[in-house]
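Structures incoming, each one as structure tokens.
In what comes next, chain A is part of two complexes: it sits with chain B in the first one and with chain C in the second one.
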Partner chain A sequence: MNPSTLASPGLFTVEGLVGVVFLTMAAITLIGGMIACNSDRLVRSLSGLVICFVGVAGLYFLLNSPFVSMMQILIYVGAITVTISFAIMLAAPEEKRKIGPPSLFSGPLGFIAAALIAGGFATLAVRTEWTVHEKINDGSMKVIGLQLLTDHSMVFELVSVVLLVAILGALVIARQGREQ
Partner chain B sequence: MAPLALYNSLETYLVIGAMLFGMGIYGMVTRRTLIGMLIAAELILAAASINFMAFNRFTAPDPATGQIFTLFIMAIAAAEAAIGLSITIAVYRHFKSIDAEDTAQLKG
Partner chain C sequence: MRLTLLNVIVAVVIAIAFAAVNAAYLVWAERRGAARIQRRPGPNINGPFGLLQPPLDGIKLMAKQLTIPGGADRILFIIAPILAMFPAITSFVTIPFSDTIVAKNMNVGVLMIFAFASLGSMSLLIAGFSSRNKYSMMSSVRAVSQAVAYEIPMLITAITVVLITGSPDLMEIVRQQSPSILHWNIFPLLGNSHNILMPFAFLIFFVCTLAETNRAPFDLGEAESELVAGFHTEYGSMGFGLFFMGEYANIVIGSCMTTILFLGGWSCPFGLFPGVWWFILKLYLLIATFIWIRWTFPRTTIYGLLNLSWKILIPLSLANLLLTAGLIKVF
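Now for the complex of A and B:
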């Protein structure tokens, strides 16, 4: 990291405003994640997931990749959460009963495990000296399109086959037992 | 480091990713319904994607590779969500419940 990024920008410069937007997006992401993993009802948890994904899309935008940010909103917020909400409507009629007493594993021990993992990763990220390489292109949308169809074309085709098989498999699995 | 300059350092994004990962693990351990576990798995995938994008922006020589990999993660996550939800619905039809404790047919 070069030392010029360590200086504090003024609030009403471009860098300062970008910093404000970044802090907002990070807060949205973390608050959404907390709602998603903590709330009692599944619908609220799903709303938290949507909030978290919008924040993540903002972070992608600040990481210099507007295309992936748009795809994040389109695929995650537009498709995956809608699918999950359909599943909630189909499979969880009313959660009137609180399911059983919470065990020791699902309460404090789970929190401790998660905190240890997150703290360990964060410490590792901060303590490591990352080597920075010279950029060989600008990572624009044009470069992404070219690489998708040249260097990564095999993976691109395979992902489409995987998606097709997954959708067919989902239809087959969900169809069984429908006749009863 | 000044809070307004945080957006320009790799470590900030890695720490955000680690916190999202921890939330995903916590949700995965504490949730008792299958759909809740699926939501937690999506959080973990989002954390992994944030790490890829951060390394892609700050250290990688080719800044298109990480974006392409994140797009592939999104495609795999969509496939995973579709399969997971159809399994959830099949389990619900069979057991009339999506509680992970109730699906214990093989328990001795």
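Now for the complex of A and C:
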């Protein structure tokens, strides 16, 4: 969505309200990300991550894809953050605060990298000719499942290979710990 | 149904009122039920049958001071009880009580309920971590491992039902079960699937609901004989009240889902007068079972709890999913 067309309609038209909802969700995502990166307690970072994921789910919902939005909440909030919280419990159950000065990477270099990525995406978004599609399908589970197992089966299988590699990696690391 | 502003406001108000009234009066039902099982009268002084007890308890809780322990994470400490209540109330929006009484039916209804249910464990986690209390911490560790263990068989059994129906739409799931009791997913003799293992799927789902709502015999998170009161040890006043109400709201949601997925929702067993009254009847029978189980079975151990899920429920539910898929292909 182009920001210049976003400001032009009135607030109480459909486009205006969509813009308000979009900006709210984007703001929630960004604020969540900021909390996740800048908090000095791990549990607060985790909560920031949850806020960020909920914001992204809201964006998906706004883009007329309730299935993806619900999967975002179910998998990222329900599974991934819970798994991360396991890691926090195993690593630092006493809720230690961050100590020591920030490293060089978290300061200027990190800012430059973030600015480069953000600038690149912004340029891409502005330069691309966006064609407005009609609604392709209803985005239901059935259509997505059929697409995944017919047209995009290659991608689907490759994703499972990635998962297999992740599981094998976890097993290898766990084995090493056991032998010590 | 057109989504006008008035509709939305009315639906949200009704959802909140239903959740709050249920939460308040299920506490009364729980105390009376417990008293009956333990052969004592229970709360019977205030009002007829003690019916005025819940509002009086609410007033007492609201009048108390909200204390935050020193060293606690203030922001997270305040957010946690709100987060306990929020997903339950949100889930009420998409639950169809009858073919007309539904606030907003979504074509991914099953997913939405489970997505918001998974937020519930976050609130226990945050509450336990932010309290700065080792009992709370241990409780949240237990609650999270329990939530991870029981969400998997629960989702697999729900997927089995979605597979039978061919749609994750809650209204469609009920509609396909509505002709008679033989179409219900708990024992589907007629209909799409002829899977004779569905009663076990129902049992798995029910056990998972018990575990996900942290009810006895799976209330390891607030095991009062070991962990004081678990994650809500440091909470007083309405913070505790919200956790308490959140638990009962979650029980209502869990029973609603069991009713919809397995017991035919608002349909009548004999095809007579389908309507919201059948839904309410099934819902409260299930809730009564919840209360009955709590005061009948002793608490399990954490190892027994995790073994039950990972070694028994998950393989069984996976086998049931495979069998159902095979049977749908054959018939």
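For this structure, a couple of remarks:
Rule of thumb we're sticking to: the second predicted complex is superposed on the first by the 107 of 180 C-alpha atoms of A that agree within 3 Å, B and C clash if a C-alpha of one lies under 4 Å from a C-alpha of the other, contacts with A are read in each partner's own complex, and residues count from 1 in each chain.
As a working rule, contacts are C-beta pairs under 8 Å (C-beta built on N, C-alpha and C of every residue); 3 or more make two chains touch, one makes a residue touch a chain.
Given the structure is predicted, the values throughout are model-derived calculations rather than measurements.
In the superposition on chain A, A:67 makes contact with both chain B and chain C. When the two complexes are overlaid on their common chain A, residue A:110 makes contact with chain B while staying clear of chain C. In the superposed model, A:50 lies in contact with chain C only, and not with chain B. In the superposed model, A:86 lies in contact with both chain B and chain C. Of the two partners chain B and chain C, more chain A residues are in touch with B.
Shared contact residues of chain A with chain B and chain C: 67, 71, 79, 83, 86, 95, 138. The touching residues of chain C, when paired with chain A in their complex, are 73, 75-76, 79, 106-108, 111-112, 114-119, 121-122, 125-126, 129-130, 132, 137, 141, 144-145, 147-148, 151, 162, 166-168.
Across the complex, chain A is touched by residues 1-27, 29-33, 35-36, 38-40, 42-43, 46, 49-50, 53-65, 67-68, 70-72, 74-83, 85-90, 92-94, 98-99, 101 of chain B. Looking at the complex, you find that chain A touches chain C at residues 41, 43-44, 47, 50, 66-67, 70-71, 73-74, 77-79, 81-83, 85-86, 89, 93, 95, 138, 140-142.
Across the interface of their complex, chain B is touched by residues 1, 5-9, 11, 15-16, 18-23, 26, 29-30, 33-34, 36-38, 42, 45-46, 49, 52-53, 56, 59-60, 62-65, 67-68, 71-72, 75-76, 79-80, 83-84, 86-88, 90-92, 95, 99-100, 102, 105-107, 109-111, 113-115, 117-119, 121-122, 125-126, 130-139, 143-144, 147-148, 152, 155, 159, 162-163, 166-167, 169-171, 173-174, 176-178, 180 of chain A.
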